[in-house]
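So, here come the structures, one by one.
After this come two complexes, each holding chain A, first together with chain B and then together with chain C.
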Partner chain A sequence: MMRRLGPTTLALAAFAALVSVYPLVMPSSYGVGIGITAGAMAAGSVGFVLLLGYAHQLALGQAGFCMIGGYASAILTVRYHWDPVPALLAGVVVSTAIAWIVAVPILKLRGFVLAMGSLALHLMLIVFAYEMQPLTGGALGTYGVPRFALFGFVLTTDLAYYFVIWGIVLLFVAIGLNIDRSCVGRALKAIAVSEVAAAAVGIDIVRHKVQMFVVAAAMASVSGSLFVHFLRAMDPSVFGFAFSLNLITAVIIGGLMSIWGAAIGATAVTALREGLRGLSLPMWESVIMGALTVIVLLAFPRGIAGFIGKVFARLSGDGSAPRPSLIEPVASALPPCADRGRAGEALLEVCAVSRAFGSLKAVSDVSFTAPAGAITALIGPNGAGKTTLFNLICGSQPVDSGTVLFRGAPIERLLPNEIASRGIGRTFQNLQLFDNMSVLDNVMSGRHRFHTSAVLPVSIHTLRVRRDEDEASRIARECLRFVGLRDAETLLPGELAFGHQRLVEVARALALQPTLLLMDEPASGLNDTETERLAGLIARIAMLGITVLLVEHDMRLVMGLADTVVVMHHGQKIAEGLPDRVRADSAVIAAYLGAEVDERVA
Partner chain B sequence: MGLSVFFQLLLPGLTTGCVYALIALGFVLCYSVSNVINMAQGEFVMLGGLLAAWLYTKGVPLPLAILAATLAGALLGAAQERLTLAPVRRTAQFIQITITLGVAVILRGLALIFFGKEPFNLPGFSGNGVFFLFDAILPVQTLWVWGSTVLLLLALYLFLQRTDTGRAVRACSINPLAARLMGVNADQLTLVVFAVAGGIGALAGAVITPIVLANWDAGFQYGLKGFIGAIMGGLRSPTIAVVAGLGVGAAESLAAGYLSSGWKDAIVYGLLLAFLLVRGGVFVFGRAGLTAGTADR
Partner chain C sequence: MSALLEIDGLVAGYGRTQVLHDVTLEVRAGEIVALIGANGAGKSTLLNAVMGLVSIAAGDIRFAGKSIRRLPTAAIVREGLVQVPERRQLFGSMTVEENLRMGAFAFRDRSRIATLMEQQFEQFPILRERRRQSASTLSGGEQQMLAIARAMMSAPRLMLLDEPSLGLAPLFVTRIFDQIKALRQNGGTILLVEQNARVALSIADRGYALESGRIAVAASAAELLYNPHVQDAYLGGAGSSSRAMEERIRAMRRAMQANAAAPRQSIQVT
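== the complex of A and B ==
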């Protein structure tokens, strides 16, 4: 915990020092003006880094929300004599509402449609600003915007305004950092690495992207309002396409994965623009901004903040990375499954499920049940349709016909994350760990479904969020103890051996506190000792009362472990029953050894 | 009279629509092979127009100026791919797309510095005369735009259907992994499509210049409107992209004529947003994309 606190405290101190020293170095009104411009831009950049760096959404029209904020402040204060703060908040309300309405459907479309969608929105707003003259003042704009005021107290000097603005930046940075360390931050990082795995731990991908779009819109709107109270006027050209581009450049230079980086980048871009103006080279601004964007992305994708972080890490250099080791698993580390089904209840019922790819019937008319508390194994030779059936159950592919019931309710039309939220955990045949977070965070991401992931509580890090986090890290540690992995918490998954990574994935699925655990070929890639360990682990999971459905072709693992075995061949179920009975079944032998044998033996 | 006004709006709309259609096609080609939306697509049109016009003012014969502009577009497209995308082919898609945006900004900026703010003009390729079609008066250059668009589309069709490279492009757009396993060199192919898209864009820019002038900041409007065409075809279908690109041109011109020219862009972008909102609302099934989207990771 202390290790994490250190850099934040230091960054905070550096921030406070720089903000208070700057006006002493540049006391002229020009200097303070630059400070205000940089601060107003930094406010927008913090939101934008959440959108571009965390949610990976390249919004080309972010300045559109600055426009909304700017016009709200200008029109409400000049024409309707509102106080600046309520006017600013009105802008935020309008911006978030529009952002939400636009983002929900567009983000469902996936891909990079949002980039163009938000640009289209921005360009429309520009047309509105020009054409709706009575309201906006058209091309001439709205003049006579008053100075900013807080609670009726007018900030009569630019210097006072400068400090207020950077105070707001600090507030936004705090919100950003809170989001970063919350389950929402983990969710975004998870989505960035693997949407499939994110959904498998119950993360709603569209929801979190929409959240960041809305937060970014709100912060951009504030940024626009703050600018307008400095410029004391608003016209359609203030927040043009170039401003969106500058925001993009700012967060890229600052560092795409750093909240502090956004403030650094905004300052750097503002300084650069002023410098170019000083050298009377404003024509070069576009070329230099574009070139910086390209060069930083090609050569230093983590930007200035990444560089500072690296230097800091080297200076503090503890150097002694922990070495993970296997310990005797602690079966008592986890409580028994609280939500287990009644003994004998059919927890999962697969009823006449079919799925075809073109003319290939990968799964045709398969039915079976997984009784509560038991280990059910789904086996079959390569190409039998096991994996397809598995994907149908966990929702990553749609069924053509048939139904899948979980505790009596159909789940075949649900999205993978909705299925996960009902208490169905899964592991992957090809490991799908989140390479961009520590092992502990990986396992903690499995707790997603138990957390408040609404933006407001997460942003202010409420007591409830704090409790959630403490509980998540406690349970995650217990899960790691349960699978028998020690000293791996702070490492990245990529730093672990393959067998250990597999255990992390199991731990992540267990953190979900599943009622049903689906395991897709968990033994693939493991050696004999590891397979044996895995068998012990699966048995212990079942002892907790968690129902297990295992897809596997490793007969050694299955036969000693499973209570029931379902055998598939050519997309059809050919046998079901106790392992010993199934092993003796002639159709099963034929499927594994070949059809001709079958005829001769029979 | 009503009908002649309609055609007087529709036919010039289809003319700019030709440019949008070609840009949309460029988007589709690049995206199919590399999964990258090339944000600099519209800038090639701008550069093609400016370069041809500038060379012409320097005394270069018109056909030669157009040829040079087209080649420059193709070279720039290839250079963009080699210098800025090839080195980061394995990084996240949004990083690559952001890089193309940076390139677009650089090209815009360079155009401003080099050619200045004044728009450039070219004379019509076969004079500045006019002709009549369905009671509409059109500059003769319109025929050049239509003709060269048809020829380019035909050439691209033959390229995609009849040549090995073209077949490889189609294979990549259907299943990149399988195409690679069958020995398609996707790296080389990406270079080819970026060059082709750059060249087509520049040529389109040169051909349209006698009608609309060439301006340093026209690129991203072209790009966005071309993108509308491409997105209607799901970024994969060249046919829908071309038809939708023409449609955007027509819609824009009709909106400007019947409603107001100030609102014309708002209407086109409003249509894009409405389309996206409706598609997103109707598009209830996100799962297929979910598995496909991460399969190539």
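== the complex of A and C ==
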């Protein structure tokens, strides 16, 4: 925590210093005007970087919310003589309300729906602005917007307004940074990489997308209001599609994964546009803008902020050699188990579950029970339906019929994140780690279900949020120690060897404090020595009271560890029982274990 | 027999991290050479370095006597090297046949492509049955066969095979390794990276154990199987069999349970 606080404070100070020095360098009213324009745009970019850069949600019509803010300020101050601040806040209220109404249905769908939906909304607002002449002034717009005022004091100079705007930018950046370092920031990054894995640690995907869409809309609305008080007028052309594109350009040039990048990018785009205007080549303006954007991206793939970060990392000499990760076979610290379930309780009951894909019956009429505290193994040939059954239990696929009971309550209609939040953790056959965050953050994301992820407390980084973070980081470290991974916290998962990444996934699942842990082929890709170590880890997990359901091909692991073995073939359960009984079962030998008797491909 | 692939004093890594330190190995024509080692030892990095996917700091890689160190990956494939990547990396939405065609991307000659495809269907009859199915609908074992067949479509002189047994049921592991043996009998040369050291060494001619980016042991496959160090590090201990490992795991679990029955040690955090 301390480590992260230092540079951030430094950066905020440097930022404030730059903002104060600029008017001394460019004291002309033209210069200050550019500063105001850049600041107003930066305010809108900060929310947008969280939506586009962090959560990878492409909203093409972001300027629509600037428009709502702009009109709210213009109409309320000119026609109804409101003060600028309440008018601005009214714009925020309208923007967030519209954003929420639009986002809830749109963000349930994936792909380009949001891009098209937000574009359509923007288009509707433009038409509305032209047509509702009595309210908006139509194409002529609304004139005579007063100067901005704070607490009744009118800001009579542009310079004063310049400082107010950049103060707001600073506030937004601080909010953005707080979101970035909270569980919400991790959730957004997780959603960007793998929605399946995000849901598996209990992250409510739709909720977080909607939340960020609304935050971005609110900030865009403020940006629109601020613009209007500088322009002193509002008409439908101010926030056209070009403005949406400028916002996107600003966020990309600045650096998609950086809150600072948004402010830097907005400034760069404004400066570029003004510089080009000085050349008076209106035809070429957008061509040159486009070309420069491409050049910046080629030179700095992670944007200007990414480049600055790299330079600083090099200067501080921190980046010379990342410490290699080590394994210590047996660790002492145990991660706590939230809720063990009573011994002997039928923790998970799969009852007559079926699932078909077209004519293929992937799982048909399968029933079994995983008793609390035991290790249950699920085996069968490739294509037997194990993974499908696994997905049915996790909620990532719906059942056609049958029911899945967890602690006596049906869970087959719940969403994956709801199932995870009830205490069912999982690991993936093909690793699903979040490659855009450190190993420690990956494991901390497993704590999501215990944390408040409401915007307000997260934005101001309340004491509760701070406690949550400290606890998450402590438990995450404990989990990493428990799986036997050392000195890996600051590395990216991609920098670790495959087997170590697998341990990170186990640690992430343990951070959920699961009652039930589902492991999908944890030994695949491990050699014998590592497999034996994994067996030790799974046994220790079971000793914590965590119930384990294991899908695995390594028979030494399955037969050595499992209390009960369930065998599937062609979507059906063909055997169930103690390891030794299953091993001797002739149907199991023929279908799976292999013997001289039967060599035909199923 | 002369060496087809010679790796000489190779130093390589990703960005700031150096993974391989002074690795020297060779693969002769007609051999299966197994490369075994723990996770993170640098096995996949070595294959990636050969294919020109990793920056090389020092050393040389020669293929059929010619240095390929500075060649781009596409040119290396044209020289006759091909990699079957870890986790298969198939084109999931394409059919089996389309995947095979992608493997022959460098060839224009249609009759040659047809001949190569026929060869693959002979070697892997199940793929002929599934030729119109999309690759993602195949089972794990079939996908691995398709990955190998796709690589064979470039008519390689040397195949780099990365973890073919990954995620496969015991029955399919045996089957895949039988296929790999058959490839060699048809004149193929294979550098095989495998976690399942016992199976890999059982079909290989020679082997290398890679540890922390260095070659720790190099010998014939038979010698490696009985090398005490190799047994300890990769085969689960001396004289170990699958059954013995299973018994050890079972004993360990029993011991833990017995311990727990005694005074319980637990940490509860709210």
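Basically, the second predicted complex is superposed on the first by the 563 of 602 C-alpha atoms of A that agree within 3 Å, B and C clash if a C-alpha of one lies under 4 Å from a C-alpha of the other, contacts with A are read in each partner's own complex, and residues count from 1 in each chain.
Everything that follows uses one rule, which is that a residue touches a chain if its C-beta (ideal position, glycine included) is under 8 Å from a C-beta of that chain, and two chains touch if they have at least 3 such contacts.
No experiment lies behind these values; they were computed from the predicted model shown.
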Label the relationship between chain B and chain C on chain A in the superposed model as either fit or clash. clash
Looking at A:131, would you say it contacts chain B, chain C, both, or neither? Reply first, second, both or neither. first
Go through the superposed model and pick first if A:498 touches only chain B, second if only chain C, both, or neither. second
Who does A:86 touch here: chain B (first), chain C (second), both, or neither? neither
A:104 contacts which: chain B (first), chain C (second), both, neither? first
Is A:521 touching the first partner chain B, the second partner chain C, both, or neither of them? second
Should A:27 be classified as contacting the first partner (chain B), the second (chain C), both, or neither? neither
Just chain B (first), just chain C (second), both, or neither: which does A:539 touch? second
Just one of 19-27, 37-45 or 181-189 in chain B runs into chain C once the structures are overlaid; which is it? 181-189
Dual-contact residues of chain A, meaning touching chain B and chain C, are none
For the chain B and chain A complex, residues of the former touching the latter: 37, 39, 84, 87-88, 91-95, 97-99, 101-110, 112-113, 220, 224, 227-228, 231, 235, 260, 262-263, 265-266, 269-270, 272-273, 276-281, 283, 285-291, 293-294, 297
Chain C partner contacts - residues on chain A that touch it in the complex: 319-322, 324-325, 333-334, 336, 380-383, 429-430, 475, 495-500, 521, 524-532, 535-536, 539-540, 542-544, 553, 555-557, 559-561, 592-594, 601
Counting only contacts in the complex, chain C reaches chain A at residues 14, 16-17, 36-41, 44, 86-87, 126, 139-142, 163, 166-172, 174-175, 195-198, 232-236, 240, 242-243, 245-250, 252-253, 256-257, 260, 266-269
In the complex, chain A residues that touch chain B: 52, 56-58, 60, 102, 104-113, 115-117, 119-121, 123-124, 127-128, 130-131, 192, 194-196, 199, 205-206, 241, 245, 248, 252, 283-294, 297-298, 301, 391, 395-398, 415-416
